[in-house]
Amino acid sequence: MIAHLEDIIIQTVCRILIPFIQVYGLYVIAHGHHSPGGGFQGGVILGASFILLCVAYDINEAKRRLNEKLDTMFCSLGLIIYSGIGFVCLVLGGNYLNYSRLGHILPVDPVNARSLGILGIEIGVGITVMAVMISIFLDLASRGKHEEGLE
Amino acid sequence: MKLLALIAVLMTGALLLYGTIDMPDWGDPHSPASIHVSPRYIEKTMEETAVPNVVTSVLADYRGYDTLGETVVIFTAAMACILLIRRPRK
Amino acid sequence: MELIISKYNYWVYIILMMIGFYAMIGKRNLVKKLVGMNIFQTAIILYFVSTGAKRGASIPILEGGHGEAIHAIHAAHYVNPLPHVLMLTAIVVMVSTFGVALALIIMLYRRYNTLEEDEILELRK
Amino acid sequence: MTPPFPILIILVPLITAFFIPIIGWWRRDLCYPLVIAALSVSALSSVFILHLVGEGGTIHYYLGSWDPPWGIEYVIDHLNAFMAIIVSAISLIVALSSKRSVERELPQKVVYFYCLFLLQVTGLLGIVVTGDMFNLYVFLEIASLAGYALIAIGEDGAPFASFNYMIYGTIGACFYLLSVGYLYVVTGSLNMADLSRILPDLYHSKVVLMAFAFFIVGVGLKMALFPLHVWLPDAYTYAPSAVSALVAPLMTKVGAYVLIRIVFTVFKPSFSIELIPGTAILSWVGAIAILFGCILALGQTDLKRMLAYVLIAEVGYIALGVGLANKAGLTGAILHILNDALMMACLFLVVGAILYKVGLRNIHQFTYLHRKMPITMAAFTIAALSVIGIPPTCGFFSKWYLVLGAIDANQWLFAVVLLVSSLLNAILFFRVIENVYFEPANAHGDRGHEEISIDEAPLSMLIPILIVTAGILSLGVLSGKIISSVIQFAVPAGL
């Protein structure tokens, strides 16, 4: 009974807390320009919020929200964004990862184009790091069998 | 075996310590590391990338390719974990 | 004596690294080897970050962030950012190596259900 | 706008590696052709780059168009382009032959296997092409991590062998990072060309001396130089056949390239030859590696483990060539990188074919194999002759230059070591060939005449073996031309 009671407290607190952790993670990614932070730190915070969900509920509950197929897609998606931005700069005539070339397609002068390129990079890295943290946690915690609970 | 490991460790430690004798002192603003390359990052960041956080601008723009390599490293770790542990559902 | 006082950050990182190095090659249990590997890599990160420090300098975020007047920026006022960038990479490499190492340990435990190196060597023959 | 070929070598396999998990989820059998296409594109662009370097001299490619000491720079001279061709060509051939063995050994995980396969090749190509010390560490880590995972999916002993490989590999990579840190503290820059300009007036400082020592130890660990080779035999023996065919020829050769780059480009030859006995130590370590590699290989009955020890001896040849530090010795070392990559690829592909078809590993069970698999065994014999160093094959020419280098440096002991090792190699390989070709004496009576049907390795394995064997023979004949057109310029100046 007591175990069940504790679950309720933890689950309700987590249900309230997790969205705010995720918003804070997004803030860390987006605000990497002005304050310490960036793609990696924000991505880890987002991954940690998902892991908190796995710990509070059980893995199947968490996997209903993000199953591992979609998670692998997110891993690749983040990196495709990153190398895609670099490739666009290559296509626009600059060297690889030269964001000032983005100024040709974005209505911005080359210096701010670099700043926007950096923001795009941070978003790509954030998505990949979040997905990787979740994927590694799911594999290590359930030892590959992905049944419910954290045995 | 443990003694051999201890000797190897002490020898490496002694070599490393011998190497630190000529190093600049801790926190010395005129050490070669803070004179040769990094002043340009600090002074030119606002003009070139309009990003006040110098670490982010060096991370994603001046040495952006390192960060791409880094993200590929963590992607490799994820693929390795999937390859090694995940068992197909029967 | 003056040598030790002015360069104590290098002493600290060497002691930490040797503890980690000994654990990596001396210990028999696989998880203890991994703990040693973690200490070993953290010591290198400590070394790199300590080389970037400047006495009397603030964090490498320029004041003129939100559009105020950008007065002359002196490099001496800000800490050297390059080691911090390099160490972000080293931290990510440490995490990835640790993830793959834990995956290997789970495979080993699933197969030999022991984590002692000498028991695994016997079982393997 | 400099032509984007230097980045194209890395970018195409990298982006394909990101798309493979997505495409694998949708249609699994599309991964193999994708891998072949990506590797052939990078092979073609590296050939084109060698052509460009041949005409226009060194290519400089600034990533993000930041000039060198601030941004990362790709510097491609003759040595880089030569190595890039070796890595991409050999990995293309191994990828061609991996289809059948992977589908049998890892039926469900083909998608993630090919993703890590491409990431390993990208890491190796990244190491070969970069001109920035820290960027080399990042790509070294990509190649190593993919290597640990690929090796760990082998037979029973593989996870533990891969765990040991990881411990030694991490120590090696951390020593490399530490030496980059030591150089950074004293010079302030990470770019190789910049370092080689600043270092000369720091040659007497203890920090640079320790940085050089830990570079040699770190790269020696990655390269499995003799005293630091303990992880290699287990790792390459228990690895799946497709992985050992990829890792054996390439991982140690790229380590050897990094050694040459550090000893002769970052630290000027004046430092590593006169100031400290760096190259002298290297030549002695190389000689010991050759002897111990051959002797340890004699005691093995498992063919794959024997080849792993022969690989340690081959790495000893390259270290000896680098240690001799004269024109002939270094030409021999660089030519030996090419020859050894071809030989080891052929030998491990043959072992993979034997394992796939017959499942035998012990040398003594190879009777009548020449009737069952005539072409594979013919390829094995040619590769064996090349390792021993018989003229028509390429192995002879690189050993010839190494002996010439040893004589120039009037180190007669090393010339003797080289010849003795050829003798030991001969004993090693004729022991295997004798089991394969000549029927055992007592078996003449009963089943001597019973017809053994030829069931050759599948075509997808046979063609790569034939390509590599043709390579061994043709490069043997063409080595004069290769040296005059490529290696002559690849040898660092000031030797």
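By written order: A, B, C and D. Residues from 1 in each chain.
Throughout what follows, a residue touches a chain if its C-beta (ideal position, glycine included) is under 8 Å from a C-beta of that chain, and two chains touch if they have at least 3 such contacts.
Because the structure is predicted, anything quoted here is derived from the model rather than measured.
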Other chains in touch with both subunit A and subunit D: B, C
Chain whose Cα centroid lies at the greatest distance from that of subunit C: D
Pair joined by the larger number of C-beta contacts - B-D, C-D: B-D
Interchain centroid distance [CA atoms averaged], subunit C/subunit D, Å: 30
Geometric centre distance via CA averages, subunit B-subunit A, whole Å: 22
Whole-Å separation of chain centres (CA-atom averages), subunit B against subunit C: 9
Set of subunit D residues in contact with two or more other chains: 14, 18, 21, 63-64, 134, 138, 141, 145, 148-149, 152, 159, 178, 184-185, 190
Per-residue multi-chain contacts in subunit C, two or more chains: 21, 25, 51, 61, 65, 82-83, 86, 88-89, 92-93, 96-97, 99-100, 103-104, 106-107
Touching two or more other chains - residues of subunit A: 33-36, 72, 75-76, 79, 83, 86, 96-97, 99, 136, 139-140, 143-144
Pairwise touch network: line, ring, star, complete, or other: complete
Complex interface listing, subunit B residues touching subunit D: 15-16, 18-24, 31-38, 40-41, 61-66, 69-70, 72-73, 75-77, 79-80, 82-84, 86, 88
Footprint of subunit A on subunit B - complex, ascending: 47-53, 55-57, 59-61, 64-65, 67-68, 71-72, 74-75, 77-79, 81-82, 85-87, 89
Of all residues in subunit C, those that touch subunit B in their complex: 3, 6-11, 14-15, 17-18, 21-22, 25-26, 50-57, 60-65, 70, 73, 75-76, 78, 80-86, 88-89, 92-93, 95-97, 99-100, 103-104, 106-107
Subunit D - residues contacting subunit B, complex: 14, 18, 21, 63-64, 66, 69-72, 108-109, 112-113, 115-116, 119, 122, 126, 134-135, 138-139, 141-142, 145-146, 148-149, 152-153, 159, 178, 182, 184-190, 198, 205-207, 209-211, 213-214
Subunit C-facing residues of subunit A, complex: 33-36, 40, 136, 139-140, 143-144
